[in-house]
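Below are two complexes that have chain A in common, paired first with chain B and then with chain C.
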Partner chain A sequence: MSDRGRFLPLGAAALALALVPLFGPPSYVMHMAVQILLWSFIYTAWSIMGRFGLVSLGHGAFLGIGMYVPALLWNLYGVTPWLGIPLGVLLAVLSALVIGWPCFRLKVVGHYFALVTLALTEVARLSIIAARDITGGSLGMTPKPVPGGHSWWALQFVDKAYFFWIGLGLWLFGLWAWRAVDRSMRNPALEAIAEDETAAAAIGIGVTRLKLEVTLISAALTALGGAAMGQYLQYLNPETHAGIGISLQIVFAAIAGGMYAMLGPTVGAVLTLVLTEALRIAFGTTLIGAANTIYGVLLILFIIFMPRGIVGLIEERLRARGAKA
Partner chain B sequence: MAEPQPMLALDGVSAAYGGFQALFGVSLTVAPGEAIGVVGPNGAGKTTLMRVISGLIPPRQGRIAFEGQQVGGWPAHRIVAGGIAHVPENRRLFPALSVADNLRMGAFVPAARGRYAERLAWVYELFPRLKERQHQLAGTLSGGEQQMCAIGRALMSGPRLLLMDEPSAGLAPVVVEQVFALVRRIRAEGFTVLIVEQNVRQMLELVDRAYLLDVGRIRMSGTAAELRANPDIQRAYLGM
Partner chain C sequence: MDIFLLEAIVNGILLGGVLALLALGLNLIFGVIDVVWIAYAELVMIGMYAIYWLHVFYGWPLLAACAVAILGVALAGVLVHRLIIAPILDTAPINQLLATGGLLFFLQSLATLLFGTNFRNIGLKLPIIEIGDMFLSYARLMAFVVAVLGAILLWLFLSRTFTGTAIRAIAQDRQIMGLMGVEPKRVYLIVSALGGGLAGLAACLLVLQYDVHPYIGLSFGPITFMICVLGGLGNLLGGFVAAFIMAQIISVGGFFFSIEMSYVLAFVFFIVLMFVKPQGLFSK
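After this line comes the complex of A and B, so read on.
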């Protein structure tokens, strides 16, 4: 199928989605929709590198940096998020560079790469807690609200529709970035690196540089997603937005949805959020921990029986049917 | 006869993996248009020699000059762009990529991208079998076809010197014959070739000159005919 043929339905769907807030859906539905869009963007950002065997557990750090930098600059110095967000993204990219460059130079791959990046996530979380005078530590923090709650300068909106449109824009931007990586020489080159790094180097692929490029792209997008999430939630917490927990959530959702397909991470976001909500409603405050346990078991099953995720499985089925026909 | 300016010249090159030294002061030259063999038993340092020339590991000591330019310590992608291509041991194709994508990756260096289409057509002409199989995953090729694909992939960067590491390794005897026929065709196309091999007998029929590498040192060198006539070589490698 041609690219245009594929993007036409997607464009129509996006346009239809953009009209949704105009019908005034219930606040809860809008809240879920915004969350799905923003997490879809973040999971897509992770998968842009994850699909090449670069499994990072450091994305909690990029998310946290992207979230905290604009909030801190706003609260401490009144700097608009329009400046704070790019600075946060830049800082996340720099931290990805500091971790990624030595790792790729020294051929730290696979589990070892995951562990190094895991350390980065913890450094970010602990730093936020340690700076409790300005970040509120484990209690979290709230960006200073503007009077009336609606301001483009502060990127604060009472009406969820604004964040819906921002989320929709980011999500589409994430899909575009995915395609951009796919359409350049980077995609087969990164696949080649994932299959056999030495052979890739031997035939002239600049392994370190390519891995670094895709890592920096992924970190930048994740930080951007974090920033949007922080502006939307108006509440930042190191445990839920910067630690190991969030890193694992990103990895699990991307794997469950299918990190090798463009829409896989999006499916992962829908799945995990709907599942979380369903379990929360089913168990409520009784049997605390049951929801998390079920969530964990399901994810283990996914990883064992559906390593290419839901979208991967669907693609496989379709291909099998196509081959038979 | 005047010595031509060598295309590749190694002068006292040593190389090591961590604390383990694999090459000790190796010197050799390859003139333009020559086919040079390096023979030696397992563990002699043959693969290390290939890797140090192609930039996969840096030399500890010594100088490596390619067409008069010092290239020792350059990263591998710069060496490829400079005109040296490496056909690694055991082919090392990307099994989950198609034959066409494997070839495409051979032209990854920016200098080669502009001439990608032209070279692809030429590689397909050289190896029509690869054209037939272009959409197939490289992992599903037979051993001989894989070697063809690995050579084609190396040629895609437009090299002037081709390094071949044990092209016959792991292949059935009849396929080994085919692979050596491929190497002859590459030679006939005018490429300069440096081959390391354990298969000494067939290799000496293929190359102009050869070096004997043993435990990281060059023990002997000469024309193929000289080495074939050498009693030590005959006893140790030719089973005579």
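After this line comes the complex of A and C, so read on.
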């Protein structure tokens, strides 16, 4: 399949999507759409490294850093998010470097890698809680609103359409980054590393450097997604936006959708958000926790029966049909 | 020396006992089955709720409630292995870790669904012991003693019984031991029950000191994983020693800074040490 043939429909779909807010859909629909776009971007960012066997539980840290740095700079010093967001991304990349470089040099892989990155996530969560004087601790914090609520300088908008377009842009950017990794020599090399690290090193692949590159890209995009999420929600909480819970949520959505396919994480985002909303409506607020119970069981079933996710399964079916024809 | 600092150090030793017990169970499972149960602390939470309900709601004597909790969590351990781990035992180990992550979500939200988010405690007032000018909690002291006794019992079981020897043999070489007549599947089930039982025992000790709520697993789950990795995943003795080191950092760190900062210190210590000794503190 040629790239051009594949991207034309995607481009048309993106353009059609961009026009959606102009028809003034209900606020609830817009809210769901913005969340789906932003989470799709974050899940895609995770999968950019996850698909090469680098299963990180540290993305809660990158997300939290990306969220809190611009919000704190804005609240404490009035620094615009236009400066705060790049700083947050930079800090996330630095922390990824601090964790990633020694891990990859010392060949910390598999569940060791997952547990070391989990430590990073906990450091982020607990640091935010410990700095409760400025972050509000477990109670969370709100970036100071601008009068009128609409400001490019503060990146705060009352109209959800702005965040829809930002989310759409980020999501397309995430897919582009995925393709860029695929097209460079990195993809075959990284797949070789995921298959057999020692053999890959033996044929001259710079294992440490490649893994580090893809990790830093993933961390940067995740922090960017976190920043956008924080600006949109206008509420930051260490328990839900840093820590093991959010890290696992990212991993699961990516797996459910299919982390090996470009649109897999997006499908995962749609699936998990629609499911969560459906269960919330079905059970209301009387049965708190019911939704997540079903969610947890589904995740176990996915990993056991469909480790390549929904998109992976569809691809398999299509391939089988193609082979038959 | 400052009496409060001394008190923090002694409390750290006592905390270390419980953490060591948690690490033992997790390490046993890892060493033998090569699986990380990321929901291990949530199994402890289930045990704590079981004790709470049996003791407070149904008025069972505390010891009977504890016994049932230990057996119940041991059974839960067997179920975790049969239902979640066994079907994917041959796939990449990270899949098993993530599948038990689904279990973590499930147990957390099930507890919220059944019991709400209230903090509950069994309302047992144990005396405070006064040694010199230090105040020590009786519950902590008891937890420490029971944890150490549990560890010794486990060690005796592993070193003195046939089953224990088979377990250690499987941990060393899965393939060969199958040929020697040890049935790995049976050993895995026994180890899962043992690991669950240790989680149940930890639940008995923790319920004396802490309120139980659906998210309590998050407060000592991650630190337990770090302890296991620090001691060398699967290395029982290493994990045991690492538990006391981490507990000391947490307790003394909490004395100088805040409790969250002391945990941050412990995790940073862990990360730094991973780079000096990636295979654990006691690797050669």
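Rule of thumb we're sticking to: the second predicted complex is superposed on the first by the 325 of 325 C-alpha atoms of A that agree within 3 Å, B and C clash if a C-alpha of one lies under 4 Å from a C-alpha of the other, contacts with A are read in each partner's own complex, and residues count from 1 in each chain.
The criterion applied here is as follows: a residue touches a chain if its C-beta (ideal position, glycine included) is under 8 Å from a C-beta of that chain, and two chains touch if they have at least 3 such contacts.
Predicted model, so just to flag it, every value in this text is computed and none were measured.
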Clash-or-fit label for the pair chain B, chain C on chain A: fit
When both partners are placed on the shared chain, which of chain B and chain C touches more of chain A: C
Which of chain B and chain C A:192 touches, first, second, both or neither: first
Partner chain(s) touched by A:313 [first = chain B, second = chain C, both, neither]: neither
Touched partner set for A:205, first chain B, second chain C, both or neither: first
First, second, both or neither for A:127, with chain B first and chain C second: second
Which of chain B and chain C A:263 touches, first, second, both or neither: neither
Angle at chain A between chain B and chain C, C-alpha centres, nearest 10 degrees: 80
Touching partner for A:90 - first (chain B), second (chain C), both, neither: neither
Superposed arrangement (fit on chain A Cα atoms) - minimum chain B/chain C Cα distance in Å: 6
On chain A, positions contacted by chain B and by chain C: none
Residue ranges of chain B in contact with chain A within the complex: 54, 56, 75-77, 79-81, 85-86, 88, 92-97, 101-102, 104-106, 108-109, 112-113, 153-154, 157
Of all residues in chain A, those that touch chain B in their complex: 185, 188-189, 191-192, 195-196, 198-206
Residue ranges of chain C touching chain A (in the complex, touch as defined): 36, 38, 84, 87-88, 91-95, 97-99, 101-113, 116-117, 214, 218, 221-222, 225-226, 229, 233, 257-258, 260-261, 263-264, 267-268, 270-271, 274-275, 278
Touching residues (chain side chain A, partner chain C) in the complex: 53, 55, 98-99, 102-103, 106-108, 110-112, 114-116, 118-120, 122-123, 126-127, 129-130, 243-245, 248, 251-252, 255, 287-293, 295-300, 302-304, 307
